[in-house]
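Quick one: this structure, given as structure tokens, is what I'll be asking you about.
Which chain is which? They are A, B, C and D, in the order written, and residues in each are numbered from 1.
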Amino acid sequence: MPHITVEQAIGQALIEEMQHDPRVLIFGEGVATTQPHLVQQFGAERVRNTPLAEAIIAGTAVGAAATGLRPVIDMLFAPFLAYAMDAIVNSAGKLRYMSGGQFAFPLVVLAKTGAGWGVGAQHTHNLEAWFVHSPGLKVVMPSTAADFKGLLKSAIRDDNPVLFFNDMTLGHHAGEVEEGEAALVPLGKAVVARPGRDVTLVSYAKGMHACWQAAEMLAAQHIEAELIDLRTLKPLDEETVLASVRKTGRLVVVHEAGPLCGVGSEIAALVAEKAFSALKTPIRRVTSPDVPTPSSHALEQAFLPQAPTVVATVRSLLD
Amino acid sequence: MPHITVEQAIGQALIEEMQHDPRVLIFGEGVATTQPHLVQQFGAERVRNTPLAEAIIAGTAVGAAATGLRPVIDMLFAPFLAYAMDAIVNSAGKLRYMSGGQFAFPLVVLAKTGAGWGVGAQHTHNLEAWFVHSPGLKVVMPSTAADFKGLLKSAIRDDNPVLFFNDMTLGHHAGEVEEGEAALVPLGKAVVARPGRDVTLVSYAKGMHACWQAAEMLAAQHIEAELIDLRTLKPLDEETVLASVRKTGRLVVVHEAGPLCGVGSEIAALVAEKAFSALKTPIRRVTSPDVPTPSSHALEQAFLPQAPTVVATVRSLLD
Amino acid sequence: METILTERSPLGMHESMLLTRAYEEKLAALFAAGNFPMTCSSQGQEASAVGVVRALGPDDQILTNHRSAGHLIARGADPGRMIAEVMGKATGYCGGKSGTLHISVKELGVMLTSTIVGGELSLATGVALSKKMLKQPGIVACFFGDGAACEGIFHESLNLASVWNLPILYVCENNQWQAFVHRRETMVADHLSPRAASYGIASTTVDGNDANAVLKSALAAVEQIRQTGQPYLLETYTYRQKGHISFDDQAHVDPSELAHWLTLDPITRMERHLREIAGFTTGELAALRTKAQERIDAALEFARQSPYPDPSALTTDVYA
Amino acid sequence: METILTERSPLGMHESMLLTRAYEEKLAALFAAGNFPMTCSSQGQEASAVGVVRALGPDDQILTNHRSAGHLIARGADPGRMIAEVMGKATGYCGGKSGTLHISVKELGVMLTSTIVGGELSLATGVALSKKMLKQPGIVACFFGDGAACEGIFHESLNLASVWNLPILYVCENNQWQAFVHRRETMVADHLSPRAASYGIASTTVDGNDANAVLKSALAAVEQIRQTGQPYLLETYTYRQKGHISFDDQAHVDPSELAHWLTLDPITRMERHLREIAGFTTGELAALRTKAQERIDAALEFARQSPYPDPSALTTDVYA
């Protein structure tokens, strides 16, 4: 299997799906300029720059999705979604239901997240929980090159609005990635990224990389962590999470997003409801603090959940 | 103490605080038309109609708050906040931090929520969790006339951006309410609305009314529920919740908002983390399903969390 | 089976206006009598609705908003299914899940109705983009109010439609009110159509209470869009005769403004036209009114007889 | 202690432009050398910045955006504290929490900088409302790009400022680019100022690469705002000589467009003015450049010597 980066995986997924279905198009601020190869291959109609106007970019995608196209829109950085909430939440998320099922909205919203490059809180804000909380949407947030490709392909093929969050600090992370149909990864399926018996670590996106590191550090201390990569945050693969906690009896959830009403809260609530009797210890969350993302490198590194914190948290449950 | 409705309580809070501080002003779509008494008392400068443009209503409030005024804005229904997210989340919530503390944002955002009057998902959507998840904001959501008044007064006096959600179906709910300074209710303090020993019910806003009813039905079955009204969702009064669960050993969280990454998830996660050893049974959530609010009365009533469901949930923990 | 209406004769338009008026009056009376859902009445704006909608062909598509009865009826929607939707019945166009504010009828090409003010402006560009890229015949008509024209999405939508050459007839129904705020409190000019020029979009304003005039302007606009593929802004200058929503008692409305506009009532004007130009008798005109009322009575009966949705419908139609 | 600069002589403006240029060039060089944060260079737009900022008085306030170096330096900001902020140092204007993109300096009246495109348009109305209602002297200058003018908030902001009579000088720095998109892909007209008319706002376009011309237009606009209390839109027609952000190699820029605009470089033009009108010698002009570079060298040294914030600062300044 070819070994490629996350960035390349995203690029491949777009190309393959645009080849696969002529109704797929992509637009956004600078999409055509920064990806001239897409323009060359698929033409200026299907690869479009837009004015700087997030609300109408999203609205256009929603209207187009309901009437026969399958748009992918690049919203650049997640905080810019603040301008596009009406189209995504009030239209794409609700108008199927409100119309009694008359319309469907096959569209993908791409947005970058991820602290670590010092641009501050208006470019760096993990907002995935907003969309998990809102009805009618799906939310994807991969951690590996194979999942970036496979889930983006599935998102484009899905008949519902999918938010696809891309932690850009993973861009150069590389891995083995399939081509074509073999690359597809289904939405809504978590994966046991590493089996273990002592504690369940649930995470996604960049958090997975802290967990991988932590799992290795723990293994050196003879603690075997089971590592679950959610991959899709909505619909959530409850069973994979519950099965693991039922086995290990301990749960730590790790993510970069803020703690309150986050995905970690949801996972904790799920387990406290449905796997309570298996729990041997309190459920712990390792997240960024509830503050805007600082710019200064010194502060930004302290903001990010890091492997040593995960290790210490796990140890506190076992000691 | 005078017995007044929630609507009257809100009206009194506005009048008292506009009297108390000349920097307080209120604006929004139709504010001046629908509250002519405010215009009469405080003048057209301090009580303003606006164009139909939520983004600039919110942005104007944020800019004004940073420079000496204390705006209250009426955003009408919570889903319309989708147009105003940038000003609230990216500006009001972050610019204090991002400027190293140079600016403060004393402002209040009023928004109505609450299913039960059949207007559908674009007028009825409980979005409080979005703002709990976002840094730098406070979130208030009262259930009684006294708290509506007392918390709105405190929100207006607070030097931070406060989202004040008003479940409009409570408008005619009445209770004893103080006047002037005596009416103040501090932000960030939950209240034990009913003591009990068998189970803790945590709720807020309309959910409290379902819980009151449920508590009575349970009492008739010799089950004593302790009832906690969060009142402020951010900052969350962790101690009051934890103390109760440490006493009862059982927790059911009730709210109208959707289940995923909601306030119920947060409360469950909090308790599973910090009062785990006191828990005798799984934590349960009673919320609306993860669907847009239907319009049809038949469906809307099924959408709402109701007392019998709360009772059945509690019983399932005790049986 | 829904049938799209394209009848453009004054009589045909008149019948549609009468049906709309009878519908609005019936719903207002039911609300006043208690225990009936509130609605946003388009009374007074019937000419604007029918004049534009009947300028469209069957391949064209429509986006509308909360004040949609005139658009729906002019296009051929069944008032029975509309009332059923208002009442939350299973036979409503959206199975009762929409209620009055966001009725869509895909079969009639009435797409994606949103009650978020400006929602239709946000979605229309995408609908038009599909038409263009999928090479489907027809244009897109997007109805919105003077209030919606204050929202940022108005600016973004018109600009994108212009830059991307999208076949959209933007119809601003300038009815002088934006819920409880008068238009003049929200903008310095009286008219919206001049704004089109800064986007390079052609525009005109028409007397929105004269169905024949609206039809004529709309036909010309539609023709221009079909020829050029470019958007066009048509402002129909009209008036919302009733309050914003059923319970609005119009206490804040200047009585002389209201009185003035009542003299311009579109239905009275069309009756004058039919009498003076087409030779209709007073009796014939009265019979037309009665016929419309009877259709609405029957529609109400249908809605009343219809069942409520099964509670299981609560969780269907969320995902495709 | 920050000092607001109001020096309007050509020499005074030139010194500010030179300082800005030296700042931008230094940061570009540092980035190219590796291990230095990226920034958005305003190189080529120095005249637009200084001409407007120096038309303001000490009571006036400024809102700016991600491309703010020229505005900050023209107003009197200390390049040392600016570089410290870019580097994330504790001595930065925002204690390192902002970084390059959102530097605010309240003491200089540079308020609420946002890097959300259009953020400044959203906030300026409120800042002006405070001035008006609290009866504080002065006006508000709001800098934004041609890209920001495509955002809905442009429409909402100008409309509200007009309806509420807010004393705002809207300054659209039309630099032909919007990150990686050319302005011409985003609007049909070349100029933004004509849009003001539909809001009833006065406007003009000025050659944004001629500091003297910008100053003159800005002074007239400011005077008109002080007199009328009403907003004004000033478009400075200019060019972003460098890429959108440090790593942008301008591969997509038409070389002839860039070459054309380089001939209009505002600093070279001001030097010509100083030589031809004010009699400066080439040596004097070179000395001015050297002086600016030395100031930036010293500023960088200050920033380098400054400490990083204490990790405890991570959770401060969230709430008041």
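Here is the rule we go by: a contact is a pair of C-beta atoms (placed from the backbone, for glycine too) under 8 Å apart; a residue touches a chain by one contact, two chains touch by 3 or more.
None of the values given here were measured: they were computed from a predicted structure.
Student: Could you run down the chains that neighbour chain B and chain C together?
Tutor: A chain counts here if it touches both chain B and chain C, which gives A, D.
Student: From the centre of chain A, which other chain's Cα mean sits the farthest off?
Tutor: It is C.
Student: I want to compare two interfaces, A-D and A-C. Which one has more contacting C-beta pairs?
Tutor: Most contacts of the two pairs: A-C.
Student: Between chain C and chain D, what is the separation of their C-alpha centroids in Å?
Tutor: Averaging C-alpha atoms per chain gives centres 46 Å apart.
Student: How many Å are there between the centre of chain A and the centre of chain D, using C-alpha atoms for each centre?
Tutor: 36
Student: Rounded to the nearest whole Å, what is the centre-to-centre distance of chain A and chain B, using the mean of the C-alpha atoms as each centre?
Tutor: So the centroids are 29 Å from each other.
Student: Measuring centre to centre with CA averages, how many angstrom lie between chain A and chain C?
Tutor: 41
Student: Among the residues of chain B, which ones contact at least 2 other chains?
Tutor: In chain B, residues 50-51, 53, 55-56, 79, 82-83, 86, 90, 97-98, 120, 122, 135-136, 290-292, 294-295 touch at least two other chains, as defined above.
Student: Residues of chain D that contact two or more other chains, please.
Tutor: If we look for residues of chain D contacting two or more partner chains, we find 92, 95-98, 102, 114, 116, 118-119, 150-153, 156, 159, 163, 185-187, 318.
Student: Based on which chains touch which, is the overall arrangement a line, ring, star, complete graph, or other?
Tutor: complete
Student: Which of the residues in chain B come into contact with chain C in the complex?
Tutor: My answer: residues 29-30, 33-34, 36, 49-56, 79-80, 82-83, 118-120, 122-123, 289-292, 294-299, 302-303.
Student: Please output the residues of chain D touching chain A within their complex, sorted ascending.
Tutor: Against chain A, chain D makes touches at 37, 88-89, 92, 95-102, 114-119, 147-148, 150-152, 178-181, 185-187, 252, 308-309, 311, 313-315, 318.
Student: Per the contact definition, I'd like the list of chain D residues that touch chain B in the complex.
Tutor: 61, 92-98, 102, 104-106, 111-114, 116, 118-119, 121-131, 133-134, 136, 152-153, 156-157, 159-160, 163-164, 316-320
Student: In their shared complex, at which residues does chain C touch chain D?
Tutor: Spelled out, the residues of chain C in touch with chain D are 150-156, 159, 162-163, 185-189, 194-195, 197-200.
Student: Flag every residue of chain B that touches chain A in the complex, lowest number first.
Tutor: 79, 81-83, 85-86, 89-90, 93-94, 97-98, 120-122, 125, 127, 129-130, 132-136, 234, 236, 257-258, 260-266, 268-269, 271-274, 276-277, 279, 281-285, 290-292, 294-295
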